[in-house]
Amino acid sequence: MGEGIVRYKRDVWGEEVILGVSWDLLWVVAVAILVLLAAHAIIMAALANKKMEKPSDAGRRVLRHESIDRLFHWVMAASILVLILTGIAPIIGLRISWLNIHWISGLLLTFVVTFHIIRSLFWQDFKSIILAPRDFGEPFDSAKKPGKYSFEQKGMHWAVTVVVLAVIVTGLLMFLQIDSPFWDRTNSMPEDQLGLVFLLHGLSTLALVALASAHIYFALRPEKIFYTRSMISGWISEDEMTANHDTSRWSPKEAD
Amino acid sequence: MAYMHIGKDFVPPDVAGKVTGRIKYSEDYTREGMVYARLLTSPIPHAKVVSIDASEALAMEGVFGILTADDVYPDGEANSTGLKILTNEPTLVGEPILAVAAVDEKTAETAIAAITVTFERLPFVMDPVDSLEEGGPDAYNGGNTFVFREGFAQEKWTSDQVASFRAGNEPTAEPAAELSYGDLEAGFANSAFVYETPFTTAGYPHMSMEPRSAMAYWEDGKLYLHGTSQSLTALADGMAGIVGVPKEDLVFINAATGGGFGQRARAGSIPSMAIPAKLSQKINRPVMMRCTREEEFTIGGARQGFQGWIKLGFKQDGTMAAADLWIVSDNGGKGGGGDAFSATNAISIVYQAEAVRFRGVSIGSNTAHRGAQRGPGENQIAAIVSPILDKAAEELGIDRLEIRKLNTPQTGDVGGINRQPFTSAYMPEALEQAATAFNWEERITRSRQRNGSKVTGIGIGQGYHNAGRSGMDGIIMMGPDGRLRVHNGVGNLGTYSYASTSRAAAEVLKMPWDRCDVITGRTDNHLPITSPQDGSNSIFTNTRTCFGAAQDMLAKMKEIAAADLGGDPADYDVSNERVHQIADDTVGMTFGEVAQRAMELGGKYTGEAELPEELAEWTQISVSRLAGSGFMGVYHDPRHSNNPPGFTVTCTEIELDTETGKIEILDMVSIAECGTVVHPQGLKNQLVGGGVWGIGMSVLERHLYDPQNGLPASTGYWQSKIPTYLDTPLKIDTGWVDLPDPENPVGARGVGEPSMGSVSAALNAAVSDALDGHVFNATPVTTDMIVNHIAGISEEWVPLAQNNFRG
Amino acid sequence: MVATSHDVMPDIELYQPTDEENALALANTLGADGWLVGGGQDTYGWLKDRNKNPAAMIELTQIDAWKGIKEIADGIEIGAVTTLTDIANNPLVQSRYALLATAAGKVASPQIRNVGTLGGNLIQDARCWYYRRGLDCYRAGGNICYADSPEGLNREHALFGASRCVAVSPSDTAPALVALDATMVVASSSRERLIPAQDFFVGPERDIVNMTVLNDDEILTAVRIPSTWANAEFYFEKVADRNVWDFALVNIAASFKVSGGSIEDARIVCGAVECTPRRLESVESAIRGQQRSEELAASAGEMATEGARPLNYNHFKVPLMQNLVKRAIRG
Amino acid sequence: MNPKLTRRRFIKGVIASGAAATTTTMWYAANGQDRPTGFVERLIRINVNGQERSVDVAPQETLASTLRYKLGLTGTKLGCNRGECGACTVLVDDTPTYACSVLTHSMKFARIETVEGLEAPNGDLHAVQQGFIDQLSPQCGYCTPGQVMSAVGLLRANPNPTREEARQAMAGNICRCGSYDSYLDGVMRAAEIG
């Protein structure tokens, strides 16, 4: 165990089956993401010499995120952070009672994600988040401005969507394998399938750690911090909007 | 009748070796150039071997060879029940697939780890009732039961039938076997008290102290096999066939055996000894196969567990009018055992029921091999019936001793489904003697008395086993030194019957014991065939053969003396190691002189002519090798008639703690009824030893398999709960009736098994008594069951689960 | 895929340090590859079965400083490698802390007590047979529990505090030490920790593979028993299937300070019902200041099992535990 | 590795004739152990039945293993090899001990007695052995050496035990034949004649 990406164990009859992801990868991911983000920061710092003009946050404000969506975002963020922390604690040898917090957070995440999916499909401008072929040219053509969401934002969103859905589905399957207030566990899943579920949960966790780190990093970048502000207070300035978005493709209403 | 030896204690020749550690068990031997075998066993409860790749292992340094089922069964394995030496079709976890011989055990283990065995997993079952259900998995390849002479068959019930049985009702399915006598319906109609209940008894392992290690080598075409056996010649006889070596070319060496309890009686129950024999043959080196405790469990076996239904009817006067049993018995992964029928038969015999019906089916489960274990059938049922008998007594207002007395078997009665007469039966005397020794009248007044959280329980139980066979052979020899050499093939299991039965010969010739030698321990000591030392038969069977052989020698002595000294052989008798005229004892010869004369005369006197025609092949070989080497007495024992029973009665007083569920046995008395007593100390050992087994069966021992994956949980002493010093009484009092049986020349019958039955019957009855007559209808009744009962916690969520798993 | 039954010790290094410094240095150097051996009674089975495969054994029984029973300023100190027989027979322990002497005398069998140490008895691993069989269950670092499932054999398993793993604390001396409010002296080459007995043991929700808070480089060197509970009224009882060898189905260790029939203070601890010795603090506070009586005992018994979550086959532990608490309080 | 560490298991010794070469070979074979590279380093002296024996002992070797396969003392039986039966009981400094569950290297300063060492030089049996014969205590005999050693240990500590005391002291020995009653009779007899 502990070599490569996958850990193996012996099943009850001695046959080798997948046990889960190798948690050594956690350190690999941590180091890799740190290196990448540090590299990004350095490059950005180098580029910063050219001193791009920063749009003003003063003036008219437009609504970027409704309060319900902001609430969703932060609940989701909190639950994912808690899930990551509680999930990692036993791996790194922290002796805390993590499991109940973990599955409660998991349920919360499942709930808010379900809410978000339904809301986005019926009540939000679903088109605004769709990655269209033309979006892929965006990073290479400074003239091309995005609608509500930039290519990077859409990419991050969909990456997170896939990973979170994977972590939720595998997490729910794992949840069924432990005792909960709702059921006694059944041990009904064959050990090889169980191992696969653990592996996918682990892999998606690793991806999520990477994505969350990147997401937090970019959210804190000075040139993008106004997006973070918008996730807190809902608005961006008209200046910020016109500097970063194609208003023909995104015309938000004015913020309250 | 006053005997010189019978009924007297003596020091068996092997006991000094046991207290000094000098006597050798199979693993204590070594041989120049000896290599070691280890086993690869099945990790899966039911599978087929698809392929074995041992190339890497065989290329390893220090590896000498591999033995697989293909080597052992070149024409393919027979698709039948019974233990196999090695198999490609394992039906339980731990069944040997192959053996590797190497310079040492570690190398063998490393080699085994390098062998790739591909298995095809097959459906498996731990609970025979699961297998009975339509669509349920079968333990064997080809069915879930075995029909004699026909092969595997499927026995299936509808789901409703299974559910109804599990709910506690009489099975409605067609039984595979049905036997009965008497008018059952009328019996129940005439009954004033009828009790009907489902019941379970646990199957559990023998767990002999000595693991079944064996060492083998070949020399000059002969196989020398150091093994472990409870029946020296009977087992060797069968082992020759298993290994495939002519009987005259097998030397089986077995000075002492560390326990058998039914499981080492016959070659078929311990075929694993053939593994080193076969490997040794293949690689031409001595091979030691040391077995671990876990292997002793998985390769060994267990008692059959029962999942059954019983209905007993009692008339107003307390007589048992009818007994009806329906038993699903657990055949385990390799089949074996007729416990269920024996159980029913025992009820007929011990309680003289007027009408009895047995119905049953033996169903496989992918658990340990099932085979004979101390009183197979008789003892399980003794523990189940005894509390029910007490319930009847209570309902009908009869004393519990009394109800046993009025149902007792006695001389002149018949018993069993075949209505066979007893050779003799002194059960009334045994009951009386036990009651007196236990002070029943006074003790019974303490029944159910409370002292704080503790309640007193009084119990009485009876045990039975058929206790005698015949048709075997006897050989005794004498040389010019005048010493009597009794060749005895019984096997040294710890009953000392190999020695005590030999004393029947000394008795005939009035030889002092210190002038006698028991020749045994290895088959090249030229031993006669005997019945396997199982079924409590040795004392009966082999006093007959030893007595007969000595009678033969006695007659020959008189002939020689008459021929040499004049007169008629009838004018002669023996005493003080001389054969002499009855009228004038100065006219005679010493035994040494007679032996000398016999050797000069040769012919029938030295086993070279006029041998009994019916001698078994094994005995013929031994006689032919002994022929001419000394004065020989040789005998073939004709068949006896009727059933020689072994009976015991046990009374016990216990204290049951209602808060902890623990019981303490305060007093226990066991009385044997086994004809004339041959060896009091040996008999006492059987009574107390069987008693400890009875305690184990009643309240402790278990056989656990995980129903989900078929893994055995109770592979050691700890998990199987073998009784210890502190789980057994400080003192078990013993006694015996000591009245002669007419079918045995010294009046003796056997009694190895019944003491277990009577103790478990008494103990289960006492536990019931302490719980105001609550009947668990199960063995064992463990601490948790008692606590649950008192707390009112239902155990219906584990219906009939006692057998192979119960927590 | 092969199966072979082993019972011979595998190749493994052995260190036999005679002083504390060396032992701690070894523990530090070897870390998880080093296996601390007291009497070895929970060691050799694991090794013979090949179910745990450390690189080396560090035998601690030759370190005199960690052996023996001595008086200290406040109570007594028992070296961790003192044998259970020595503890059971020690006059000081017998006279002041009879609870521990009784508990030590109930462990396993005479021969095991003759070599088995207090430290070993406290630190011994879970006895769940699935785990001991070498299955890759949660406790062995896997992702499944075979005991707590619809048909799992769990008669001997936990009533409380289960979290995926349902194994119980097997020790007889551990509940006694918690009931005596003992302190564990834990040393490593860099520091010494004093840990209350109650906090020394850890359940699966916090650590599913270890039963104590000991880190790989740490050694339990001694147990200190304060004078607080010296000469108190004690109650110890162990209910097991067999009266020799077997681990408790439930055991109880209790200390009472009684004055005029009134319970001034108490510490009541049950073993074999949870992964750690279970201290019954609610019962303790409920009986504090009360007169000993059958009624008090009965109600305390009921209170003791509140929150119990029995598995398939261990329901009996609920009434059994209630009864033992009742007996302890009844006195 | 910390060079300061004391590796006390490397005790220097001399090659003595105590253990015959064949029995040592036997041990390696039976236990499947590699022949050690540091052969001399593992040579230790143990005191068995009053004799100092020099034996080559692997670090992980159990006392039962050494006794049976190196010193040829096969009276010490292996019933379970995991401390659950008592058949391997020997005396270590007069204390009954499961030889299967202690390391030989831990016995370097101890006095070990096995069933083979009980008879007097003139061949007289020990009182316990005689008591067991008188009462026909053994049945199959496999547990007997262990029972004998536990009884000897008891009688040294308590020459006149009650039957209950004897039972408590003997409790770590399983007898599957169930001969407990006869063994206790034997112990009481031994106390009488001893």
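A, B, C and D are the chain letters, set down in written order, and residue numbers restart from 1 in every chain.
Going forward, a contact is a pair of C-beta atoms (placed from the backbone, for glycine too) under 8 Å apart; a residue touches a chain by one contact, two chains touch by 3 or more.
Bear in mind that the values here come from a model prediction, so they are computed numbers and not experimental data.
Starting at subunit A, find the fewest moves between touching chains needed to arrive at subunit D.
2
With contacts defined as at the top, give the pair, B-C or B-D, that has more of them.
B-D
Distance-wise, how many Å sit between the C-alpha centres of subunit B and subunit C, to the nearest whole number?
About 41 Å separates the centre of subunit B from that of subunit C.
Quick one: subunit B and subunit D, Cα centre-to-centre, how many Å?
32
How far is the middle of subunit C from the middle of subunit D, if each middle is the mean of its Cα atoms, in Å?
29
What is the distance, in whole Å, between the centres of subunit A and subunit B, each centre taken as the mean of its C-alpha atoms?
Result: the chain centres lie 70 Å from each other.
Provide the list of subunit A residues touching at least two other chains, using ranges where the numbers run on.
Those would be 12-14, 187.
Two or more other chains touching the same residue: where does that happen in subunit C?
Each of 1-3, 7-8, 109, 146, 149, 152, 243-245 in subunit C touches at least two other chains.
Do you know which subunit B residues sit against two or more other chains?
Answer for subunit B, listing residues that touch two or more other chains: 43, 105-106, 109, 292-293, 708-709, 711, 717-718, 723-726.
What is the shape of the graph in which nodes denote protein chains and edges denote touching chain pairs (line, ring, star, complete, other)?
Topology of touching chains reads as other, fitting no named class.
Can you identify all of the chain pairs that touch?
Every touching chain pair, ordered by label, is A-B, A-C, B-C, B-D, C-D.
Inside the complex, what are the residues of subunit D that reach subunit B?
26, 28-34, 73-82, 84-85, 87, 114-116, 118-119, 125, 128-129, 132-133, 135-145, 148, 163-164, 167-168, 170-171, 173-182, 184
Please output the residues of subunit A touching subunit C within their complex, sorted ascending.
Those in contact with subunit C are residues 1, 9-16, 19-20, 90, 95-100, 177-179, 184-187, 191, 194-195, 198.
Give every residue of subunit C touching subunit A within the complex, in rising order.
Of all residues in subunit C, those touching subunit A are 1-3, 135-136, 141-146, 148-150, 152, 162-164, 202, 205-208, 213, 309.
Provide the residue numbers of subunit B that touch subunit D in the complex, in ascending order.
Checking each residue of subunit B against subunit D gives 9, 11-12, 14-25, 27-28, 30, 34-36, 103-109, 207-211, 256-261, 288, 290, 292-293, 493-496, 681-682, 684-685, 688-693, 716-718, 722-726, 728-732.
What part of subunit D is in contact with subunit C in the complex they form?
The contact residues of subunit D facing subunit C are 1-2, 4-9, 31-34, 58-62, 65, 81-84, 86, 89, 95-98, 100-103, 105-106, 150, 168-169, 171-172.
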